[in-house]
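Have a look at this one.
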Amino acid sequence: MISVFQQHGQELLTGLENTILCSVIALFFSLIIGSTVAIFEVLPSKFLRIIGKIYIEVFRNIPLLVIGMFFYVVVPQYVFPMDGFTAGTIGLTLYTSSFIAETVRAGIQAVDGGQMEGARANGLSFMQAMWHIVLPQAFKYVIPPLGNQFINLVKNSSVLAFVAGFDLMYQGDMIASATFDTFNTYIAVGILYLIITLPLSYYMRYLEKKLA
Amino acid sequence: MPVIEFKKVEKYYGKFHALKNINLQVEKGEVVVVIGPSGSGKSTLIRTINGLEEIEEGQLLVNGYDLADKKTDLNQIRKDVGMVFQHFNLYDNKTVLENIMLAPKLVLKRNEAENKETALKLLESVGVSDKTASYPKQLSGGQKQRVAIARSLAMKPKALLFDEPTSALDPEMIDDVLNVMKAIAKEGMTMVVVTHEMGFAREVADRVVFMDNGEILENAQADEFFEAPKEERAKQFLSKIIKH
Amino acid sequence: MKRLRKMLLVAGIFILGGLLGACSSSKTQSTWNEDKANNTITWGVKADTRLFGLMDVGTGQIKGFDIDVAKAVTKKILGAKGKAKFVQVTSKTRIPLLKNGNINAIIATMTITPDREKIVDFSKVYFAAGQSLLVKKGSSIKNVKDLNKAGTTVLAVKGSTSAVNIKKSAPNAKVLELEDYAQAFTALKSGQGQALTTDNGILFGIASENPGYHVVGGTFTNEPYGIAVDQGQTELKNKINKALSEMRKDGTYQKLLQKWFGNVAGFNLKEASQQ
């Protein structure tokens, strides 16, 4: 296993970089999209609520791989070109955002309804009440499940391997097929994933304790 | 022109007829106390006034805006009509001072210095100026309610609504809150108060409205009402709560 | 307390690694003896490769040249009652599956290479393929030299030799490796690359179903296909070699080649049957 690191360190490093890059981008955008969709879901407007519901049900219930492939092969064919990294990252973002939306919505609904009512009666608009009063309180409930989503996101970024996105898993496939040392290669890849996810899960646990 | 005017208002929760043919006027500076048994529609009535509940039929004019009209901007009305709730509904993630300063800052764009000065003055007048940096969790019920009243007053409203403001309080704290409310009434604030505090009603109310089953059964001058309610059900209700 | 937990965690990871390592190095016994006892040979075959091994969606059966050769070899070895069992593999999974004993032999468009010979044993050549290119009709790419430009992207399949070869023949081209031929071809259609490279037989299979695409530039490598068995399974390997020779002698081999490739335009039967 050490020899895999020694001989293919450069490839693994490239993979690690791409995996981290993809995860960070997907995390950022899925948080924004997910929170927006979550707000759609608690909006007074029935139309927007339905839009939010459809978004969540669609992206949550299609395998990530299918979404990734869609952006890799269908979108370039009919809409505009994009490479595997972009396609995979978009797919991962949409997929994850649907889970984040569900999580954040649950968090919003866990906040006592009196908070929104008090704010509205006080003259705040729906969005002001959401932003200043409800979301900060919802955030507290949402930290632990959100942490799980982030860890899943890192692991799910291995979808890039299927659309030639040069991530850790893709590089692992390359190394394994060049060396035939499948076993040690995937152990090495697994350890590199742990290097990303373990600190993340410890940090999440720390945050959870701090906020509790 | 009355500050608040109900004209033949009907309100339904699904099939349930919660408000039936409500006609009511509240003049500027008037204090109207709403009483009635539990479930009679008092909260519903008061909540329609700032648009927390929609009405299905009739007209409801608040400061000249028609709440039944979909084009009416509810935020505009809420700016001018404050509301105090039974369970306070203070912002749990904000300090006492922030609770009071938030809406004036966001909605009225009041500048920071003036906002703070107003807030501190109000906190002093309701007697919690030593708690400015505390969070709602750290306050007693009576303190919470007085902060909530200060929060409403900070918007410089034209009318204030109270929905059983003392019902969730320990008895020894009720008077603190009622005294604050009396002081506000003396300054000429237009108020609609749902309460079971008959002492307060006798002392402060100009008019008493008695509700049952979603209807206004009696709407009388306060002294007349307490001397001799016309309605049989109002009589029974009064005798019950006064015995307590 | 925290320290202890961390240490346990690290220890756990290493124990896990060690256990898996031990498993992977344990050797199976002669598969030939097992096969004889069960009267069955389990073959790893492709199921996504037209002409060689393709799943018939209607019947759920895999059909192709590799399949027919495997069946014929099975009968020669085990007799008329011998059964050939098929397990789907991809270029990526076939060696691990052979190594862990899930399959007895691989007949899955597998090129004999010196690297692979270090870890598996190959039979004699049963199909002389050569790497070629599939492009959209009208493409400016005519042969492998046209690929050797920066900005050209070539699509290949993971675990196949074609990716390695193209990196040698056209070092300036970017190579993207996908999971299987279906995905690689879809990627070609959607413009993720300008050419798809792999063995000519496979490319002809794809072109026969997709009239907008054709095979260009002839073959630029030799890709002799062999049947692979795990190292040390010499008895099984010898039996397979003997069966292959018999098939060539009695005409079975030529019949199968004709059946699958006789009607493929531009395909050179003679070249493919070279030993």
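Note that the chains take the letters A, B and C in the order they are written out, and that residue 1 is the start of every chain.
Everything that follows uses one rule, which is that a residue touches a chain if its C-beta (ideal position, glycine included) is under 8 Å from a C-beta of that chain, and two chains touch if they have at least 3 such contacts.
What you see is a predicted model, and the numbers here were worked out from it, not measured in a lab.
Trainee: Would you pick out the chains that touch subunit A and also touch subunit B?
Mentor: Where subunit A and subunit B might share a partner, there is none at all.
Trainee: So, comparing each chain's Cα centre against the centre of all protein Cα atoms, which one is closest?
Mentor: A
Trainee: If you average the Cα atoms of subunit A and of subunit B to get two centres, how far apart are those centres in Å?
Mentor: Those two chain centres are 46 Å apart.
Trainee: If you average the CA atoms of subunit A and of subunit C, how many Å lie between those two points?
Mentor: Here subunit A and subunit C have centroids separated by 35 Å.
Trainee: Measuring from the mean C-alpha position of subunit B to the mean C-alpha position of subunit C, what distance in angstrom results?
Mentor: 80
Trainee: List, in ascending order, every residue of subunit A touching at least 2 other chains.
Mentor: none
Trainee: Can you name the residues of subunit A that touch subunit C in the complex?
Mentor: Those in contact with subunit C are residues 1, 69, 72-77, 81, 83-84, 162-164, 170, 173-174, 176-178, 180, 182-183, 187, 191, 194.
Trainee: Residue numbers of subunit C touching subunit A in their complex, please.
Mentor: Going through subunit C, the ones touching subunit A are 13, 17, 20-21, 24, 91-92, 95-96, 99, 115-116, 118-119, 158-160, 164, 176-179, 183, 186-187, 189-192.
Trainee: Please name which positions on subunit B make contact with subunit A in the complex.
Mentor: Going by the criterion above, the answer is residues 50, 52, 75, 78-79, 82-83, 85, 87-94, 102-103, 106-108, 148, 151-152, 155.
Trainee: Using the touch definition from the top, list the residues of subunit A that touch subunit B in their complex.
Mentor: 112, 114-115, 117-125, 128, 132-133, 136-137
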